[in-house]
Amino acid sequence: MNAIWKYVGKRILYIIPTLIGLSILIFVLSRVLPGDPARMAAGPNAPDWVIEQIRHQLRLDKPIWVQYYYWWVDLFHGDLGYSIYTKRSVTVDVIEYLPASLQLIFLAAIFEILGALALGIIAGRYAYRLPDNMVRVLAYIGISVPSFVWGLLFQLVFASLIPLFPTHGMYSYGTIPPPRITGFSLLDALLSGRIDTFVDILWHMILPAFALSLGAMAQDARIIRAGMVENTEKEHVALVRAYGIPERTIFSKYILKPSLVPAVTVMGMDIASLLGNAFMVELIYQWPGFSRYGINVMLNKDINGIVAVVLVIGIIFAIANIIVDVVVAYLDPRIGRRAS
Amino acid sequence: MSFKDIFSEWIKTIELGKKWYRFRRSPLSMIGLIISLSTVVMAVFAPWIAPYPTHAGFFTDFKNATQPPSWQHLFGTDEFGRDVLSRTIFGFRYSLMMAAVVLTLVVPTGVILGLIAGYYRERWIGKLIMRIADIFIAVPPLVLALSVCSLLTPSAFHAMMAVSLMWWPWYTRLLYNITSSVKEEYFVYAAKVTGASSFHIMFKEIFPNAMGAVLTKVTLDVGWVILLGASLSFVGLGAQPPTPDLGTMVADGAKFLPDYWWISLFPALAISYVILGFNLLGDGIKDAFEG
Amino acid sequence: MNGEPLLEIKDLHVGYKTHMGISHVLNGVHLTVHKGERVGVIGESGSGKTTTMKSILRILPSNAIIKKGEIVYNGKDVLKMSNEELLTIRRKKISMIFQDPTSALNPLFKIGQIMLDIIKYSYNLEEKDAKEMALKALKEAALPDPERVFDSYPFQLSGGMRQRVCIALALIGERELIIADEPTTNLDVTIKAQVLNLLTDLVKKKNVGWIFVSQALGAVRENVDRVYVMYAGNIIEWGPSEKVFSNPLHPYTQKLLECVPKLTGKEFAKGIRGRIPNYFHPPSGCRFHPRCDYIMDNCKKNIPEPVEVEHEHFVSCYLYHRR
Amino acid sequence: MMNKKMVAIISVIVVIVIVIGVIAAVQSSQKPQQPQKKKLIRIGFSWPTYIDPAVGSDYSSSTAFTNLYDPLIFPGDKGMPKPWVVEKWEVSSDGLTWTLHIKKGIKFHSGNDLNADDVVFTFNRLLTVGKGYAYLFTPYIESVSAVDDYTVKVVLKKTYGPFISTLMRVYVVDKDVVMQHIKKPGAYGDYGDYATEWLLTHDAGSGPYMVKEVVLEDHVYMVKFKDYWGPMVKNAADEIQMLALAQPATEKTLLTEKQLEISSQWLPEETINALKKESYLKVATIPGGDEFYIMMNTKKPPLDDVHVRKAIAYAVDYQTIVDQIFPGNPIATGPVPSYLPGAAKDLPRYYYDLTKAKEELQKSKYWPDIKDNPDKYALDFHWIAEVPAEEKVAILFAQNMEEIGLEVNVVKVPWLSVVKEMSNMTTSPHLVSVFVSAHYPEAGSLLESRYHSKSADTWEQNEWLLNETLDHMIEDALSTVNTTERFKKYAEIEKAIMELCPSIFLFDHMIKLVHQDYVKLPADEGIYTGIMGYDLDGRTMEVLS
């Protein structure tokens, strides 16, 4: 296990300069590309002196490296800058909106993993037979239909034809949100003992999470299936078979485990698609999360907001990838040890 | 050695006949080819295929707005009274154009940078290129593309530029990996010993080994670029109306769900159709090169 | 050698279904092993040796089709056995050592995990006893630190050690027949001899039936009682090892033996013209005829019946029919 | 071992499926809404909404102010000023000093009394922060001071006729509460951040409702203030909820499920038509106090030529716009909405006439050039992304212009980007379609904000007229304290503007709100203020059981 931690440490060390590079990239882009954020911040009717004041407040009157330096200074004080869209510190926004997105992505990831496992295993077990072909068709559809199209389709179906799931927001109307304890509304509902609210939130999450998960699910199901088909013909499977280990055990142990490694590896990419697609899906379902906030700051050219959104997503992505690496290293002992 | 010679040699190394034979035997690949070709045909000949070509431009006919699908308008009409089918056919044009522009910019850039980075893996130039590529890959491509687009004025051109900016590192990475492994092979040593130039080694000895992978990726990427472009325009940061962009059409029509479902549903299916086609085609090419 | 046949393969035809059609690999293979007998199988790579061996345990790849034939073990046809009977054979009677120890050991499991699984299913033992049995087997296979090996992943062991692990696996319990499918081919030259010596010693000591598949003709000559020569899915010559090696009858056997570089000779080993035939459209008649220097009309039409040229030394070739 | 894992995984799946099934069952059994105990009004809105009266100034923010705060002056029917917090006022003979008498007995939500000190503080805060409606006052106000506990003296820099009307945009904040929530350091020195962060999600008002909860980008919940001093209808709502709704489809669902009482302002016509079919839904039409213009940048070729502008004005198919795109809105009669006090009658108008349009175009100095290469003078038409129906106008416009040989590039631009573009003459597009409303109910408000030079760099003017004569006329009119005189001067200005033809006057905007029939709005009976934000007033909206 120690080897794995060393490996993780290495990964983190490698990723830090990348994230710093990312911060420079997006910071420079946000300041260099044409735009007048102060004007946006001031509102439509503000006089010039107000705009100047805001420009000063945003340090836009200073050279860009000075701005970047102060960005770091502020960051060390826990301040990601003033949002011209929400008119408060971006830090507050991140704290407010991020948990909702994480919670949604988490559920989507659960759907994705369970769905991919189920479909992939069925297809692998019955390779080249009807279930396999059905899964293959499903997988191609899953991969080809963009998540926002899924989102709209579900909305169409469930909003009008089968009004089973809500298609908007996080709570039913009139629900008073649970007191903010962790920021994760599901958790908060449980902590404050409001099971009905918990159920209500979960109920609101199902469609967006499902729409979000489908693409990645299809992708992973395919990879698991391919892995199983490939591993079935491996010599090491022939060996355990030759020594009389029953087929069930061979399948669920000696074939499944190696088939999961490539799937988990690809999951890093899948997380990227979840994080990216969350932008459209949260917009469609009006999910009060970080991605919808991201769209809004982008549409309003809120430079500090944009920088924060990109970086926070970069960090989440990095963390997720490291988790994926750890899981892979756990599944495949060769990786962690080779690295050390 | 002229570039033309190198090129013809590349073509030779592909062994088209053999690949085609392998490709042809998979029905899924053939379906992919047919779908992809059909979208290309629709895109190229849109003005002749679309029943109402003028509806792709500045056209309004409010009296015939929001008509459900009928024989006259197979996909119905939108809130402007424009034929959704015609606009969808033109939509392929913009989607494929986007893919073409982006990939034309990105593939050579990414490939050359990847070759250099892989070839000079131990030197600062190789490390620098890969470090920069890592920065662009550190965030899901859609997020960075959205940010860049949002900082510019929304237009199809800016969307293409933003997507291109996000996309080259994937080719750089691909070529870097292939180059790094191929570099150790004997034929590269042999070429080096005989005094071949780095240019020669990169393009004549190493690159042909990556052709299959690059071709596969390009094909699959047609679908992904279209998806990314559609996502950008879905949010409103892509092509501008009245350009019949599929993503914009979906987003605009979404306002009228569920009553006038056809306005967004058909363009949405069209996006899925293109992506499906190029996915199947890409997988087919991959199998042909690997199998 | 006399006695009861332990294993008798009769007229085995096996093919593989691929997207390019069916490849007809085994074309009427037959082979007999008596109790405690050591039998060698030689031939070029790709001649169907591994397919034959895997057929015995019915562990062929999923696209393989057994078209015809019988594999009689102790009087019962393996191919018609119930699942239970087959599992008994696999768990108690026959074991197999694979060609490449690297690919034969699942890289994601520790040696111990694999061994315990096998022992548990075979002998229904408690974890502790099973481990003891495994360690004993590892020790028997001359592995220096059995505890450590038991707790290692395959990638942490050298190639030679991995093959010793496989040998240990094969010798667990009281087996009646051990199949060694080119056990040293994939090992470093320096340790080939060590591993082979270990294996032959153990086989001799335990006095079990042994099928030794190899391209190392010298090793086969020294260590087996009888030898079968295989070419393109056919047994073309078989007989007592000494006779076959000193007096090869089939043109293919002759060529094959010529390939071995002579330590004294100044000339290089000779190759055989041509290559193993395409199994999708194998040559009609004797499958060796396109490469044969003594080709006759009949060779292209029919498969020659075996002829007993000297005592217990058979050959399938029309050259010997004329006599 | 792996088998156990498999079992575990499968059982997790099974459990999840079962849980989902149970939830589904529970949910669907809960479907019938429990009878509403309290009277609730839920209103659809779009974000951003800033409930701080020194920050917000748009439709949704103004609606929140109306309900959370009390203005100094309240608009009565048709927007005529009505005493409110200021119960009476006097003006000095030079028109520069206004004395405002504050009504006694008004209580803030905190329980504090509203007095002159609070009013002075409110003015100072508004002017210092400088956002929101501050722009109405910064050019005019010299000083504000308390004479005694209930008298405030306002000194102006120059005479300003509509001063009393502008006081409808001064929402009194509770000084003590604001001071308690100041965060230091901030942009405003001793006053820290002037509590701008706190007031984004809380209120410090005396209005009939007080903030219960604000979640940015999601909702503003307000509950009735029991001790409200002013008049309220009997069946006023116990709670008003403003909900952020981005999609018409969602609003439609909510309206039909009776989960939303009042729709948002910009429902597409298609959706309104679909909803009209439901018997329990009503459509209230309220004059928005705004007019829809296509503003032409008169400094950008070829629009710097009045003939080109007139040609365009004659080529627009006004009738189709009001029939098909914005049904129910009357074609504009001039530069200000016809019902606004001070709007001139019988102005010469432009109408759809292609022959005339072509004639005018041919008179233009650009004609030969336009004829030969139209793309050289392609016109950029920017429309506001947030108002989808504008796209239809834009495309119809482009189609109309094609008929007279002018090329148009239609560009969809987010609102705040348009604002930014219009702040600079070179980045201002050729054409932009915008709704502009009067800040106080008088023609002068629009005339000043639309055509005075000092508004040239704001979003309310894309024309860049920079016409000194016009500036003088506007200033003169605004400084006229006598109403009749002032209105006469307005009419002159309007006529001059029609001649300059800097804008296309499309229609007087009527807001359409779809609402449940159990909610009664004054607008249903034709009563309206015509002032943005004052027509969804909790004091006058009734919830019938």
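Note that the chains are named A, B, C and D in the order they appear, and that numbering of residues resets to 1 at the start of each chain.
Methods note: a residue touches a chain if its C-beta (ideal position, glycine included) is under 8 Å from a C-beta of that chain, and two chains touch if they have at least 3 such contacts.
Bear in mind that the values here come from a model prediction, so they are computed numbers and not experimental data.
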Farthest chain (mean CA position) relative to subunit B: C
Centrality ranking, top chain (CA atoms only): A
Interchain centroid distance [CA atoms averaged], subunit A/subunit D, Å: 37
Distance from subunit C to subunit B - Cα centre to Cα centre, in angstrom: 52
Geometric centre distance via CA averages, subunit D-subunit C, whole Å: 88
Chain centre separation in whole Å, for subunit B relative to subunit A (CA means): 24
Residue list for subunit B, restricted to those that touch at least two other chains: 236, 254, 257-258
Contacts with two or more other chains, residues of subunit D listed in rising order: 247, 249, 385, 414, 417
Residues within subunit C bordering two or more other chains: none
Residues of subunit A touching subunit B in the complex: 15, 17-19, 21-22, 25-26, 29-30, 33-35, 140-141, 143-146, 148-149, 152-153, 155-156, 159-161, 272-273, 275-277, 279-280, 283-284, 294-295, 298-299, 301, 303, 306, 309-310, 313-314, 317-318
Interface residues, subunit A side, partner subunit D - complex: 35-36, 39-40, 42-47, 49-50, 53, 57, 85-89, 93, 96-97, 110, 114, 117-118, 155, 159-160, 164, 167-169, 173-174, 176-177, 199, 202-203, 206, 248-249, 252-253, 256-257, 283-284, 286, 288, 292-293, 296, 299-301
Touching residues (chain side subunit C, partner subunit A) in the complex: 54, 57, 59, 61-62, 87-91, 95-96, 98-100, 103-109, 114, 117-118, 121-122, 153, 155-156, 166, 169
Complex contact set, residues of subunit B against subunit A: 131-132, 134-136, 138-144, 146-152, 223, 227, 230-231, 234-237, 250, 254, 257-258, 261, 264-265, 268-269, 271-273, 275-276, 279-280
In the complex, subunit D residues that touch subunit B: 247-249, 252, 268, 270-271, 274, 320, 323-325, 385, 388, 391-392, 394-396, 398-399, 402, 408, 410-414, 417
